[in-house]
Amino acid sequence: MPYVNIKITREGATREQKAALIRGVTDLLQTELGKNPQTTVVVIDEVDTDNWGIGGESVTIRRQLGG
Amino acid sequence: MPYVNIKITREGATREQKAALIRGVTDLLQTELGKNPQTTVVVIDEVDTDNWGIGGESVTIRRQLGG
Amino acid sequence: MPYVNIKITREGATREQKAALIRGVTDLLQTELGKNPQTTVVVIDEVDTDNWGIGGESVTIRRQLGG
Amino acid sequence: MPYVNIKITREGATREQKAALIRGVTDLLQTELGKNPQTTVVVIDEVDTDNWGIGGESVTIRRQLGG
Amino acid sequence: MPYVNIKITREGATREQKAALIRGVTDLLQTELGKNPQTTVVVIDEVDTDNWGIGGESVTIRRQLGG
Amino acid sequence: MPYVNIKITREGATREQKAALIRGVTDLLQTELGKNPQTTVVVIDEVDTDNWGIGGESVTIRRQLGG
């Protein structure tokens, strides 16, 4: 019955990559905590790089600076 | 003063349906807990079916399989 | 399959009141959007009044001021 | 190491305004709590006015009514 | 730089189990999406069974009913 | 009308420090985006160091290692 929210920057993750995340995190919760995979919910949010900040700067700017 | 976040798959909910959700959940919090509706905030997130997983699979794939 | 997160201040909501919220919001999503109640997940967070702010002040202080 | 999520209605916030939010909230956490800005993460969500409710109504409708 | 929030019911997960979740989901994001593990943040929320609902009922009640 | 959620590790932030965060982030949203402070909501979550991971390890372990 776990609920998992994964936030990543929107930079072209494919449908297959997102399916692998969903599968992997569901398996992990079953393996480590015995959680029933049938009721594990995973929601992936892809966030524009203008809207994600770390170190006081947006990822857009960090990428321009080579960060 | 409650804050409610409702996440649903993005599958064509209309403006009217979303208004009914906002109204309904605000009323519910007033009826059950006496919360002032004027300061109840509701945010609805609509999530692509590729980005929503249950049972280890994305909703996109479950829909293709008839799930 | 919806996921709903309800945040309220921690001020003595009873088990019965929280059960009523869970039931009510699950019913609402079925009535308004046709969502299957069996897979609707509701998580209620109760937040200390020191940790909830509105209008630039914590709820603790607003309550002291009669707000 | 804080994580901050800011939700605002989608009404034309510019890249520069969002950068100022990221900078400001990161500085605030350093000033008030001594948090290392290098590991402070800020995520801004811009939400359609149809999907944001307050007082039991969507912001779309409140704006039409002059609210 | 991903941010992952895992919500589970509060039912005695150990420090070691939570460490395994943190490690596992960080590895998964590196393997599947190439994300730098040094900046992947994972937050685990443990939620009382009174405060978690599925199928319109709290987990407390479902456990009593053998669900 | 913004909603801000601040997550920090639970390490003794005082009521006064949390009030300063609430005030500061509310002011910031008014200054940078013109948001009405009366309807800005701020929720602070304090998370146990066992439940917060970065770099694949819990903060508890990082602190033990001098990180």
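Lettered A, B, C, D, E and F in written order, each chain numbered from 1.
In this section, a residue touches a chain if its C-beta (ideal position, glycine included) is under 8 Å from a C-beta of that chain, and two chains touch if they have at least 3 such contacts.
Here the structure is a predicted model, which is why all the values come from computation and not from measurement.
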item	value
Other chains in touch with both subunit B and subunit D	A, F
Mutual neighbours - chains that touch subunit B and subunit C alike	A, F
Count of contact steps on the shortest path from subunit C to subunit D	2
Between D-F and D-E, the pair with more C-beta contacts	D-F
Reference subunit D; chain at largest CA-centroid distance	E
Selected pair, out of D-E, A-B or B-C, that shares over half of its residue contact pairs with B-D	A-B
Centre-to-centre distance between subunit E and subunit B (centres being mean Cα positions), rounded to whole Å	21
Between subunit A and subunit C, centroid-to-centroid distance (C-alpha), Å	25
Junction residues of subunit B - those touching two or more other chains	1, 3, 7, 21, 39, 41, 43, 52, 54
Category of the chain touch graph - line, ring, star, complete, other	other
Pairwise chain contacts, counting only pairs that touch as defined	A-B, A-C, A-D, A-E, B-C, B-D, B-F, C-E, C-F, D-E, D-F, E-F
Subunit D to subunit F touching residues, read off their complex	1-9, 13, 17, 20-21, 24-25, 28-29, 31-33, 35, 39, 52, 54, 59
Partner subunit D, residues of subunit A touching it in the complex	7, 47, 50-58, 60-61
Sites on subunit F touched by subunit C in the complex	15, 18-19, 21-23, 26-27, 37-46
Subunit B contact footprint on subunit F (complex, rising order)	1, 3, 39, 41, 43
